[in-house]
Each structure stands twice: as C-alpha cells, then as structure tokens.
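Per-chain numbering from 1; labels A, B, C and D assigned in written order.
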Amino acid sequence: MAGKIMSLTEAAALVQDGDLLALGGNALTRIPAAFVRELARRRREGLRLVKTAGAYDVDLLCAAGAVAQTQTGYVGFENLFGLAPSYRRGVEEGSVRAVEHACSTVIAGLRASAYGLPSQPVAGLDGSDVAAHTGFRQVKDPYTGESVYMVPGIRPRFAILHVTYADAEGNARIEGGAFEDVLMSRAAESVILTAERIEETAFFVEKPDRTAVPAFMVQAVVHAPGGARPGGCHPFYDIDEDAVGAYLDSASGAESLRAHLDSWEERDYAGSAAVSGDVV
Amino acid sequence: MSTALREGASEEVRAAADRMAVFLSRFIRDGELVFHGVASALPMAAMVMARNTHAPNLTYLNIPGGVDPRPSFLPGSTVARQLMEGALSYFTLTEIFDLSARGKLGLAFLGGAQIDAQGDMNLSFIGDPAAPNVRLPGGAGSAHILPTARRTVLWRTVHDAKSFPERCDFVTASGNVDAVVTPLCIFEKVDGRLRVKTIHEGVTPDALRAATGFDLGDLERASTTPEPTDAERAALTAADPEGVRLREFI
Amino acid sequence: MAGKIMSLTEAAALVQDGDLLALGGNALTRIPAAFVRELARRRREGLRLVKTAGAYDVDLLCAAGAVAQTQTGYVGFENLFGLAPSYRRGVEEGSVRAVEHACSTVIAGLRASAYGLPSQPVAGLDGSDVAAHTGFRQVKDPYTGESVYMVPGIRPRFAILHVTYADAEGNARIEGGAFEDVLMSRAAESVILTAERIEETAFFVEKPDRTAVPAFMVQAVVHAPGGARPGGCHPFYDIDEDAVGAYLDSASGAESLRAHLDSWEERDYAGSAAVSGDVV
Amino acid sequence: MSTALREGASEEVRAAADRMAVFLSRFIRDGELVFHGVASALPMAAMVMARNTHAPNLTYLNIPGGVDPRPSFLPGSTVARQLMEGALSYFTLTEIFDLSARGKLGLAFLGGAQIDAQGDMNLSFIGDPAAPNVRLPGGAGSAHILPTARRTVLWRTVHDAKSFPERCDFVTASGNVDAVVTPLCIFEKVDGRLRVKTIHEGVTPDALRAATGFDLGDLERASTTPEPTDAERAALTAADPEGVRLREFI
C-alpha cells in the first residue's frame, strides 16, 4: 500500500503560499484540524480560504498570520464560545479580507466550478446588502426577463477534506454529515484527504454507494487519526469543548499559539508514522 | 458541563431561556418543514419540544442533514452528529437551500446580532462595513433563507437599543419575517415594520421602549405574552433536560 | 400502514391530461413501466415527457397516443432493438413534438427548477445545432463576458419514479444506478413512487444515507412488484429482452397495443392488492 | 441469446466487430478517465479489453455510474446493472457531464448515425429537421461531451455514402474528435477535416472512396491499419466471450 499516501508534512508541502483552499467539515465537526495546524507550523502565508461555516480551522490560520482572504458564510464558535477572536482581529485590522458570502453563495460559486461554468445563478439575496458589498452581479434571465444574481466560480487549488475512511488510492467514505465536502471535491483542481482510518480497497467495493470522493480526484492521502480534534468526527469522537477553550486561550499571542501547535505535534504526526507500519 | 451550566445560571436567565424556547416553539405548525442552522440552541430545543407536543408531524431539518433525527442528547453545537441520530434520510444544507429557493421550506429560525425596525437583520459588521468596529461571524444561510422560506422567525437573547436599532449598520438578510422573539417581547412584521405583538409578563411598556432603539409607536394593542404553561414547561424540560438552551445566554 | 399508499389506478388518476411528467430510470433499467401502462389504459392525452434516455416507457406512451411533447436526450432501444418505432412515427407524423435536448441540457433544466431558478447555464453545445433548433438562449457571463447557454427550467408536475424500496410515507431507497431520479424528485412539484417492495420505516432509519427521496417530497406510493418489467430492476430482475421484443411487435397497431396492455394488467395490479393484505 | 448471436453472425461481421473493438481499444491511454454511454457495445468491449491489456489503470465511467466495474458479463444494454458490479464508487451521468465540463474527462466514445467531413455527427434527424424523414434517437450526451472532453473517438458500424456525407443534415454534436473508427478505415481530424489515417486490410482506396460521401483527397499518406494481433484477439475474446459487440451489427 503505497499509492497516494504521504505524511502530513509532505501533504502540507503541496500547498503554496497564496493558494485558494476549500476546507471540509462544518463549524466544529469533521474539520481538517491537523492539516491546518501543519500549515501553520510550515508558516504558509497569503492563503485564501473557502468554507460555508468555519470555526477553529479558519481562526487558527488567521491567528498564525497565514490568511489573506476568506470566503465564508459564517466564522464563529456558535453558542459554545461565540465570536472567532483571531479571524475577527484579522478582519478588523485589515490583514484578512473577508469576502462576505451567504453559505448558499459559497455553494453557488463551488457549483459554478464543479459544472465548468464561469458563474452560477443563485436564488435569494433579495433585500440583502451582501450582494452589493461583495460585488455579485446580476443578469437578466433570457426567458423571463427577471434579474438573477450570479456568483463567480470559486475554484480552489485544493479541497482539504478530513474523511472517516480512505484507501491508499484516495477513495473516501464519510460518516455523519457530509456538508459541502463532496461539492468541494468537484469544484477544486485537486483534493488532499486526511483520514481517520486507512482501509483496503475492498472496503469500498463493499459499499460503493458510500464512496463520497472517487480516487481519481485525489492527489494525496494522509493517515490522520484524531485529525479533526478538537472538533468531532463521527463515529470516533465528539467535539472536545475543553480543548477548544484551551485553543481560544492560546490564540491571543504568537508565543502561546506556537505552544498550542507544539502541544498537538505528536498527535498530528502519529498517523503518518503508523501508515508505513501498522496500517500497511 | 451542561448540567453545570444549568446549575450555574441565574433564576432570571433560566426563566428567559425557558420562555424564549417555548415562545419559539409556538410558531411551529404541525406538518411543517422546519429548519434551524448553526448556533441555534434555542430553536433546537423548541423544535424537539414542539414535536413532542403540538407538532408531532413537523419535519426537522438541520445542517448535518439528518431528517427528523431523534438525538440522544442535545449538543452544544447545532452542527453536531447528534442531529443525525435516528434520521430517516439525509438532506444536506445544499439541499435545504434549494428546497427554500423553490418555495417549499415552511419555517426557518434565524438569529441576528442586530434586528431593525424593518425586521431586517445583521450578522456581518458593526460600524462601517469597510472598516468595521466589530466583524461579526456572518449571516450563514440567512440572506438566502429569509427571502425564500415561506415564513421565518428571528430571535435574539439580548434586547437592548444597540441590538434593535432603527436601521442595521449592514443588512445581512431581509425577507419573510413572521415574528421576532426576544427576552422582552414578541414582534410581528406589519406593513414592512416591526410592531410589538405581545409583551412578556413583568415587562413594562416603558422598560421595553427604553430597551429598543426604534420607535415602538402605540403599544396599546400589545397584549401580554401567555406564560409557558405547565405542560409546555414539562415538555421543554423533557426535550432539553441538560439546559443546552442556556448556552445562548452565556 | 396507510400513509400515502394507493393503488396503481388511484395514483395514475392523479395525472391529468397535458401534465409534464419526468420518468425515472434510464433506457431499459428501473423504468416506471407499470405506471406508464396504466396511463395508457386510462387513455391519458397530451402528456409531455421529460427523460434523459427513454425507451419502452416513452415509446409505449407514444404508441398509445398519449404524448404531445418529449424533452429527451435519447429515445431508442440501444443495440438490442434499435430505433423506437412509435416515438419515431409520432415525431415524423407531427403528432409528437420532440424538443431536442442533450442529456446534459435535460439535467440543466431540472437543475434550474431544483434550485429555484428560471434557467440554468450549461457547458458544452459548442458547434451543435441543438441549441438553435430548440431555442436555448445565451447570456453574457457578467464576469468574463463569455457567452453561456441557459436552459429554461423544466418543472414536471410529477416525477414518476420506480424505486426498489419505499415506506408508506414515501421514503425511497434505490439500488443500482440512480440516474436522474434524485434530481427529478427535487425538480418536480410532486413525486409519485412505484416500489418493488414496501418496507417499514425502520428499514430507512437503519441506513438513512441510502434514502434517495425523503418522504416529505412524495404524494403517492404504489406497491408495484415487477413494476419496471420488461425493463430490469436490480437486484430483483434483469431486462427481459423477449418481452421487449414482444412489445415492439405489438406496438404497431391500436389493437395489438391493447392486447399488450391487457396481457400485463394482472401483473400490474398484483401489488396494489397485496398492500392491503400481505404487506401491511 | 448472445451465444446464438455469435454463432449466427457471418464470418465477415465477426471480423468487422473484432477489428473495430480492437481498434477502438488502441485509442485508450493508460491512466485515462474513459466514458461510454448508451447503445455502446463496441466501446464497452474495447474498454474491458484495454483494461486487461495496455491500459490497466484506466478509470471506466458509464451511465449507471459504477466506477471501474468488474461486470460478471457484458450486458446487451450499456445502461444495465452489470456496469455497477464490483465498482469502487458510484459516479452518476450528471457527475460525468460536470467532469467533462471542467475539462477532466480524458476520453469518450460516441456513435453517430451520420459523421461528416468536418467530424461533426448527427443522431437527431435525417432530412429536414422541421419535417424529418427519419427521427433518430437523439444524441444523448454527445452535444455536451464532444466539445468538452479532452478527446473523443467516434465510431459507426456502417460505412456508406449516406453515413459519411460532406455535411450532416443536422449537427447534433461537434468538437474534440481525435479519430473516427469504421469497418473500412480510421479517420483522424486534421485542420478541421477528417483525413484517412489508415485503411483496414483488404479495403481498396477505390472501395473506400465509393463508400464515402465526401472527398477523401489524397490517400497516399494513408497506411494499412495494423490487424489485431493474436494477443489482442485473445484479450477481446476474454473480455467479451459472448460476443455482445456483435449486437451493433444486427
């Protein structure tokens, strides 16, 4: 089992400064947490992030100074911890450009790319300042004459997805909510998977209808058990609220952020080592 | 931790949370397709409660995608896997937006950091959007859902003049608002403007005016919000025994 | 178990003359054959049909004089039996208006309706006469300035889907290829299911990810074992080539078509009876 | 029935079917994403054969949606459930169109009732489209795939002047045609026009000209199509033992 499996460090090195990245999962569920920590350790800069609802993943990269732009519908810690402090600071200080979206316009932009279109019409937005603020343009529908908002294509360089199961070739199964992961995989130029478990290909042949991402779309597979922590990943673990709180305490300064990243390093690298041993 | 939350909350906060959950649940009609999104502990409790009381045939939709889930407990994140437990089918957020866009979403609950006199809401920026004093989280799906769902009910757990201005600093979403539920009152939208429908027990008209940033006009038509009944309180406690709804007040 | 279950005859009576119907399945696989036979028996007229690739279902309704218009990418019997004789005759004689589509433009039209849009852009079609012939109009993309074809929304009155399993409320599971059935269910105003097997709701709770159509979209459920015959329906039966051939022999005249419909009547009605007996 | 087909087919038809399947398979590159659609028995046989010979890493895509299926037998309908057996994932027709639209579909095989001198094809109407002499089945996905797939290879089992006119009566699809495979020759598209690349063994230039409705120009550059090798014949028989490919010739 070699295939597309690589270490977390190798996979993170595929990401270049300035890349547009779609991050899978939603809020604190099935987020590519280990991967974004590695991007922060590698001191990536100028990243542009796409997500419907972000939390730890978007905030941590903002805390690390890695983010130039976000295209999101929501970034925050819900009723658990409220606003995302580093995201908020980045936007308020002007270092992070927040391109204001509705979750539905993020989806429309991803659909445009997935469908090979320059832009995708979207319903809604009536009466909202979002369209004018962000610069969504309208066309007249050629049949009805009504005005329709078009969202320009969002074509991430990579979709970064933390999945429940993957094989070495990149077939991926997601348990629990799939959110926008499947659409992101289609919209992106390529896909990097981190996976709780690496399985043999026979595992996917058994339930092909459960394969959310087919291997031919995937460039890299990282074995990352616990890779969504401190978020949750069904059926293995729930959101770790204490650990999320610890992150929020540490995100205020460069030094404490470094300590946070260090404290996760051993766990983040555990899978990569295991792949050439136990899992093969 | 949730138990600690409930134990630690003041009597006043517990009463406000119970009231708001119950009042939200009353807007749910039996048989309706009902959606709540991210950061929505109160509507989550209200929907589970409503299903066990007056709306047994509601269809419960949420972001993880579980249709009509039977969660083993109510999670602190309203995007957590518990909202898929016992579901009959999966229906993703993307599908929910499409459903709403074609006019088939019955009711959606949406929160706002500011809700203005027109019933428009802001979850984007406080101050100048080009150089904001506060970058808020963003409106999630609200700019899409508010104008396309058949009905929406807004809520906010803080009722003060900053939260209820004459006009939002930025209109994140605008649309089919049926009602706004706050700790002090319930607004309805009439002729494009919020009007107080009922005032909660113990809230004086003067206190309500002082806490609201826009002109409430004549309050004589406003009656008193019927307090939660014993049956409603019991159903709420059964739906949310750990008091996750209190998280919105921390 | 009452729910939305009704007899084939009752369900067919929901369809009115002139209705726009999307027919599920593809070619000779998992087609709503029993249902279209019942529409022919009930002498429906002026129907407009939507399908990517049709065969027996579209041809039989043309043979019965029930069709005014088709919106299809393909109608034929593949390498098994070639052209669809009654469809062909109807179009050539002018009684059936064939709105020429690519399968992808049928999908785009369904997407428009599913997404609540008046029309949906689509890639491809360059150099083809289809767009001009059918009247697909272009808009200039408001970001790139390039011309993009828009397909007007296709909003069927009903999606008629033959599914593998359904419960009495209308939750539906499809085994094997799902084709455009899921999209059709979203694009249509309502859904009529015919199902090989009626299952308890617990069956769907066990594998909710396999529920292709949620109950709340469905208006009627018909128990129709063998309802895709002479087409195939995984995992229960394959295409019956001899029976398809027998249909093609009979489709040439009104009398032989009547005999064909009669010969299927008992089998077509078998399920409806069973529902109030065995299955409840 | 398929065995009967094989037994009943003439030597000549069997030779033509074998040649065309083998020649189609040669266009498949290892590692490529390859698609065939409805009514495509020859490409189906060619793809299964290629996977067992020079293109073990092709990704096989089809309308039922089975990715890389291992069919227990090749079905007469190329939309049948056998094309999902042993698949690793499901990838619907809708997904395949999208894949092609974003430039990621490697190779598609598409048939045509007419294929003209420009390499455009017709599966819609013979005669005036407004009042056709023959209503053909329609082009299925071809109008989308031909201009968006990286490469397409067309085929037609009948090579006569009506099938290969200077211009189609109706252009159902036009686009990235790499080659056209017929029972007589292989065309390639050069500077927007079909040119004979190779002529099959035993076919004279005069016979080819007589069977083609457009001017073939100079045929001196055309070489002879290498006959199927013994290894290719064996692989084809192993891939399609029942001779489903012969169905295209009935």
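In this text, contacts are C-beta pairs under 8 Å (C-beta built on N, C-alpha and C of every residue); 3 or more make two chains touch, one makes a residue touch a chain.
Only a predicted model underlies this, so the values are computations on that prediction, with no experimental measurement involved.
Colleague: Using the contact definition stated above, find the chains touching both chain B and chain C.
Modeller: Both-contact set = A.
Colleague: Would you mind pulling out the distance in Å between where the CA atoms of chain C average out and where those of chain D do?
Modeller: 28
Colleague: With centres defined as the mean C-alpha position, give me the chain A-chain C separation in Å.
Modeller: 38
Colleague: Taking the mean of the CA coordinates per chain, how far is chain B from chain D in Å?
Modeller: Result: the chain centres lie 58 Å from each other.
Colleague: Among the residues of chain C, which ones contact at least 2 other chains?
Modeller: 115-117, 122-123, 209
Colleague: At which residue positions does chain B touch at least two other chains?
Modeller: Residue numbers touching two or more other chains: 66, 84, 90, 100-102, 148.
Colleague: Which of the chains touch, listed as pairs?
Modeller: The list of touching pairs comes to A-B, A-C, A-D, B-C, C-D.
Colleague: Mind pulling up the chain B residues that touch chain A in the complex?
Modeller: Residue positions touching the partner: 1, 38-41, 63-66, 75-81, 84, 90, 92-94, 97, 100-102, 120, 123-124, 129, 131-148, 170-175, 247-248, 250.
Colleague: For the complex, give me every residue of chain A touching chain D.
Modeller: These residues of chain A touch chain D: 113-117, 171, 186, 201, 204-205, 208-209, 211, 213-216.
Colleague: If we count contacts the way the header does, which residues on chain A are in touch with chain B in the complex?
Modeller: Chain A reaches chain B through residues 26-29, 52-53, 72-76, 78-80, 83-84, 87-88, 91-92, 94, 98, 100-105, 107, 122-130, 133, 176-180, 183, 232, 234-235, 238-239, 241.
Colleague: Can you name the residues of chain C that touch chain A in the complex?
Modeller: 115-123, 137-144, 146, 148, 150, 152, 209-210
Colleague: Where on chain D does chain A make contact in their complex?
Modeller: Residues of chain D touching chain A: 33, 59, 66-67, 84, 86-91, 95, 98-103, 148.
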